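Look for subunit A in each of the two complexes below; its partner is subunit B in the first and subunit C in the second.
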Partner chain A sequence: MAKTYDYLFKLLLIGDSGVGKTCLLFRFSEDAFNTTFISTIGIDFKIRTIELDGKKIKLQIWDTAGQERFRTITTAYYRGAMGIMLVYDITNEKSFDNIKNWIRNIEEHASSDVERMILGNKCDMNDKRQVSRERGEKLAIDYGIKFLETSAKSSINVEESFFTLGRDIMTRLNRKMNDNNPPGGGGQVKITESRSKKNNFFRCTLL
Partner chain B sequence: MTDAVIGGSSDRWVSNGGGQRSLHPKANWTTQPGQGAAPDLTDEEKEIINNVIARAEKMEAMEQERIGRLVNRLDDMKKTVCGDGVSRCLLCGEQLGSPGVSSVVCEDCKKHMCTKCGTQADSRPRSVWLCKICKEQREVWKRSGAWFFKGFPKHFLPSPMPISKPKDTGVPPPQAAQAQGPREKSAQPPRQSPERQSRTGGYPPVAPKPSETRMATGGAGPGHAAGPGQDSPVVMKKALNVQSSRPQPAAPAAQPGPMPGDGGPYSSSSGGGGSLEQRAAPPAVREERRQPATRPPPPPAEEEEDANDYDSDEATTLGSLEFSLHYEQESSSLHCSILKAKGLKPMDSNGLADPYIKLHLLPGASKSTKLRTKTLRNTRNPVWNETLTYHGLTDEDMQRKTLRLSVCDEDKFGHNEFIGETRVALKKLKINQKKNFNVCLERVVPVKRTGTAGAARGIALYEDEPGKEGGEVEERGRILMSLMYSTQQNRLLVGVVRCVHLAAMDANGYSDPFVKICLKPDMGKKAKCKTQIKKKTLNPEYNEEFGYEIKHSDLAKKTLDISVWDYDMGKSNDYIGGCQLGITAKGERLKHWYECLKNKDKRIERWHTLYIENHINSD
Partner chain C sequence: MAADTSHKVLFEQYGVFIHANSGDGCIEQDLLVSGSIRLVDKDGEVLVEYRPLEDSVDPSNMLCAGKDSSSVMEWGQSPEDRPHHGLEAQHSYETEWDMVNAVSFKKKTCSNGEGALNHSHERNRWAFTFSVGDLSSVTVKMDGWSYLFFKLKEASVSLPTLHFHQGGSAEFLDSLRRCALLRESPEDERCLLVSTANRALSQSFENLLEDNNFGLVHKLKKDPYVTTLGGFSKVTNYLFDAFRGAEEQQRRRPPEEVADLLGEVIPGLEINQQEESGFEVITRIDLGVRPEVQRGEPLSTEQWAEHQDTEGRILNVPHLKQVIFKGGLCHMLRKDVWKFLLGYFPWDSTLEERKALQRAKTDEYFRMKLQWKSVSEEQERRNSRLRDCKSLIEKDVNRTDRTNRFYEGIDNPGLVLLHDILMTYCMFDFDLGYVQGMSDLLSPLLFVMENEVEAFWCFVSFMDQMHQNFEEQMQGMKTQLVQLGSLLRLLDQKFWNYLESQDSGFLYFCFRWLLIRFKRELSFHDVLRLWEVMWTGLPCQNLHLLVCCSILDSEKQKIMEENYGFNEILKHVNELSMKLDIEEVLRKAEAICLQIKGCKDLPHSVSDILGFNTDEVTAGDPWSEVTAPRKTSPAPSPSPTDRGQGAFANGHGLLRESSQNGCGVSFVS
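Up next, the complex of A and B:
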């Protein structure tokens, strides 16, 4: 019936309307691109199974509508996400500015363990660029989040970004499940290591 | 979220994203999800969203099944424990301390075991020993997602949205529903479905127990604080939609005063694990539970009489189907417009069905001619209004073939059930004339083998039609090609449009077909072209065009060799079939070539039959 896989990772794409979330997902899941803009209604998801470290990982990637009027619905999906892609459009300053708010939204609604990543999409349109790569990097460093510029249209860094996020989740998984308390502690597996958001700030970024 | 206020400070929130509204600086970003569901969405939008949710639920159900299996396996392992974990190896029971048997302590459960039964896991900050069971336990946590959600991930999909008025809002009062029109009602009953219970409420709540009791002790994370309490300590609140009321009572019942034995990890789990097994062992068990559970306590507005006796008998009619067929000779296509069905036999325990329609052309292999409609959820009166088209049907096919329309019920776990079918001999259709049908569905028309379970469930792949079957064997499929000689470019433009009914070459019943064309002879390297590979299909659409630079006068001497292949990674590709167009060809193939030569700058499309012996004489 269903293909077997080792892990199921649930990812979520968020960002302003029109930044290219659906296109990124479409590129990643079907390796295709469509220039017509069809605004996502509420939510949608696609599946792709990837392999990392010899493990088959089924990615269930939720695509959300960027439009405000769907916000109630889309935020309901934050909770279940293990990884979240924050997408902005490098040709749209506003969408970049709003990343802050999307991050705040994550902090409010998503699990504190969620892995995050910022993507500056449409990097093929350099002539219309409004947000420099450096500013993207700077923002990412400020939040301690990894960052990549992508182009769904030209298929730049799309695979890389999803694989990176997948790998980060995988790393977290292994750390959580294989970490043991220092000797002297209970010696139990620490399932709920008492991490705080600070953890994120000190994680290295891919810059 | 309803507050799309345009405030003075909202300036930076005015997105330039087209139709987006201006946003109030903060309010929007802090709205709680799940409240006042679905503000100003149209019914159409809600329906689209609900479809996505339904799709996700289906996946979720499969995932739950998978987790159930993992947990079962773990429980099975726990049953094999032989020793006490103190003086004897926990797993094999060997006396510890005796010569040659060195003892180690499991990091997780602190029991003793021999080195043979343990594995050394290298984890930070030091490498540790784990007994097989704890190792498996960790594995289950990883695989199930429990590592992330701090408990088995339950079901945190938001529930579907009510169309126009609340019906299945999942959020607080489910009773409010019921009173809507038939459509609404159809979406409501699932909450009584036992499948759902066992899925959403069933194993997950029970499952976390073993691990929680054990793994939480030291960790004491926020999630676990609630652990020993009732069933859903950590797991997403949102998950508990309407269903939640039912499983709850079940969980405690299935789990009487925890665990025989000492409360150690292994014994402790057997309580939870055991009950979990009962639920998790999927279809069979569900089948049984269906009986008692089906009659929901208040079956309020369900005026359908026999909602629950799905197994009753065949006396109930299967339902009727409305559709129309239209054969367009010009394009060699048969358009099958599936309109609707009425009064379908209820297949699900909720007295409804999730019907879809499959089409097949008989005789023939089923997968190459299978077309299907969407699945419509929770209805016995589905309205599809979908048109499915067979391309490349010849007049001969129209004389010989029969269209079978089968109505099936899609099951959450993939065991789709056959409801009924009807057949239309295509020769009854008049060419280029639409014909409407409104027929009663029948059980499988009894042909020899149809008594078997397989056939009854609608998966009979071949149909016996003795006498005719013989000629069918060699059928490899058909291809639609276009040819045009462009005088401007001095080029022959060869288009590979699509193939239909290709022979299946792979074990999965499909092929990964691509088309190679080659203009012969003496065209050198540029003679060969091939299309993209289309994965897992017997009816690929290519729409690719290739050009050969050639003088018109030379063209007559050439032959265009067309072959269709099944791409196999790592192996040599399988030949599906082929044909040749040229002056030496015959019949349709000659005609096509000839017309192309004669009518310059005119694109001519023709269907060709593929043969395994692609030789000119086979006509």
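Up next, the complex of A and C:
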């Protein structure tokens, strides 16, 4: 059977409850905005295949529950993520402040070379804005992470975000392959920090 | 490949990795070596061999699946029925970052023995072989995959940790158990101390028992089947050794004889005789046929009226519950009957008493409601807990059942009630506060009650049942997932093995089902039906776990046939939402309950989960949880010291005395 993609990237959406993670994902995967919102319980993912430099990239994007309480289950999915979208809501100061905590979470549970990106969502709601674009940019610069303001509702920068993250992963990958594939070499591949540092309550029940 | 009689591969698993620090200096870098682990019987000596693949990772093959479309498979999708020792070329695609550089392995099978010498030094650096007799312990850890750390008796020799990226560690340990006695270290339950079979022969039964003494009850509760199967393998080893006698170094064992013996002392066991490998595996308990059951009609208003005396007490509650269990309630009755089912109203209360209760509860409700209503903005600014709760509740109320007419639109009063009840619940149980999912549990209650106070108190009762699911550590969720695992394993070992082989044995995909009791899986009205049936407490406790089993039983064929991996299983299960037929699901759940109930040799742990024998537990005796006398074994319970005389594992998480054999043998698993 013909394969429909060249690469598979696993992405993860994290951020406080209600910032619009599921809506961003829905906009990106279905190009639609559902006004009948529903909170995410547990975890789910959607797939969209995009094309970058003539290569078909299958993006497997995982959507998580935002509430602190669910981190025991959601952090289990950090491992293996190649890219993480950190989402806050520009109309909600707290969700912006929490980005720092989410970054700390990534550092604890995800692979250290995971590509990250910060999104300030709901930028269509300028009248209710609590977090200026400048503050978002500054935070991103402080962490050395790319940043975009998005609107899932008005379809602003959603495509751009996922394409940017995908491209960054691709770049890292190519760099790694070049590093690891010296001319004439045929040895084993070196992987930077490939082991994750996760802990998982749910997994320690066996054996 | 023709089997060499003096060199027999007992087990083989590919996709076993060594993560070696390359010592590169600047950045911590890992060298990833892929290889295979084998258990080989070489002239009676059992060896563990690890060999790297010839080209562990061929960079020319990396991430270039497009060149060879057949070479890419998603991680964890390998066919279940592919033998672990399959020698055909196996390509795999790891979707995870840390494996991304190893997407496609070109594997050339190493021949046995000296062939390995032809490989490059670099690869051979990672190969190792040792005799099981030299093995001191195996430590098992989980990190998404399992990895094993071997410690030899010769302490100066250290071996690299083996990572079973493609599963197979449990099977490896099972195979190892057939040639050695593994027992849990008293200090570290992840550490299995190894004694070889020969040594096991010389060990007394006390040792076996001692093994079981350490954390047995604890282990049984956590994972009865792993525990018991492990335990059983020790007994089979013992029996093999006993039968083998002088016939040493020969792995041909008398399977029929052992099977007969085991079958005689442990009725109901099925013994799977694997002629070629020379040992037996106790596969499963014979559950018998699943009975056909019928669903009934919903309880009618006439029936309900007949069950009340003149003062309003409810009569013949068991019968009433039975009818409700079989067919649910007609919608008109829900508003009344749910209050009884949830325990808000006592069944034996009179109408007058209930009115008084409602008055008191109304006062209590509004007193608590006033508490958060009267918090000023200034106070709220200094109360982050309350602020956080409020913000979460507002967010969730706006996205709970908004397509239901009761909650649709912008200024629907249903939304205000939902909000106010949840806020008041925060004041009622401030330690718990608000956790996502609670709005899903409240919504149907409010819909049925159409009354703020009554919905609140019914919600309080429902939350009493569900509380642990939402607590900080989510202990309720963990317990239920483990219990569900036990049930699934009992019902269909093959399906369970499949789930485990796809790293899905933790049953994450049931998380949403259990957290909010199928609220998102069924249509709104089917949720009402399921919940009222569940609240009857019939036909056993934890019916919702059997509902999970019922749904999975209907899906397992597809999951296995389509060879779903971890991701696909989750996706498939998530997408069952709104496609389930509640009556069919309930019918099968009841049938499964009856099937399990009818099983004579039911593991005690399973009886505990379903509450089949709660009355038999003797308080104070640490063994009582697993030694409650059963109808089939009327022999008096020996004291704990007596157990030292003989211990057999029966393979089913069940400690059980046998009266059938006169020498006072206990069955310890």
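Everything that follows uses one rule, which is that the second predicted complex is superposed on the first by the 176 of 207 C-alpha atoms of A that agree within 3 Å, B and C clash if a C-alpha of one lies under 4 Å from a C-alpha of the other, contacts with A are read in each partner's own complex, and residues count from 1 in each chain.
FYI, contacts are C-beta pairs under 8 Å (C-beta built on N, C-alpha and C of every residue); 3 or more make two chains touch, one makes a residue touch a chain.
What you see is a predicted model, and the numbers here were worked out from it, not measured in a lab.
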{"item": "Subunit B versus subunit C as contact partner of A:36, first or second or both or neither", "value": "second"}
{"item": "Partner chain(s) touched by A:82 [first = subunit B, second = subunit C, both, neither]", "value": "both"}
{"item": "Partner chain in contact with A:144 - subunit B first, subunit C second, else both or neither", "value": "neither"}
{"item": "Partner chain(s) touched by A:6 [first = subunit B, second = subunit C, both, neither]", "value": "both"}
{"item": "Subunit C-contacting residues of subunit A that also contact subunit B", "value": "1-2, 6-8, 10, 17-18, 39, 41-45, 60, 66-67, 69-70, 72-73, 76, 79-80, 82, 94, 111, 113, 173, 176-177, 180-181, 185-194"}
{"item": "In the complex, subunit C residues that touch subunit A", "value": "19, 22, 24, 27-33, 55-59, 62-66, 69-70, 72, 74, 93, 95-102, 122, 140, 142-144, 146, 170, 189-190, 222-223, 226, 391-392, 395-396, 398-400, 402-403, 435-437, 439-440, 470, 472-474, 477-478, 481-482, 505-506, 508, 511-512, 515-516, 520, 567, 570-571, 574"}
{"item": "Sites on subunit A touched by subunit C in the complex", "value": "1-3, 6-8, 10, 17-18, 36-39, 41-45, 55, 60, 65-67, 69-70, 72-73, 76, 79-82, 94, 111, 113-114, 173, 176-177, 180-181, 185-196, 198, 200-207"}
{"item": "Contacting residues of subunit A [partner subunit B, same complex]", "value": "1-2, 6-8, 10, 16-19, 39, 41-45, 47, 60, 66-73, 75-80, 82, 92, 94-95, 97-98, 101, 104-105, 108-109, 111, 113, 173, 175-183, 185-194"}
{"item": "Contacting residues of subunit B [partner subunit A, same complex]", "value": "1, 4, 12-21, 23, 28-41, 45, 48-49, 52-53, 55-56, 59, 62-63, 66, 107-108, 110, 121-126, 128, 138, 141-143, 145, 147-150, 153, 156-158, 161, 215-224, 236, 238, 413-414"}
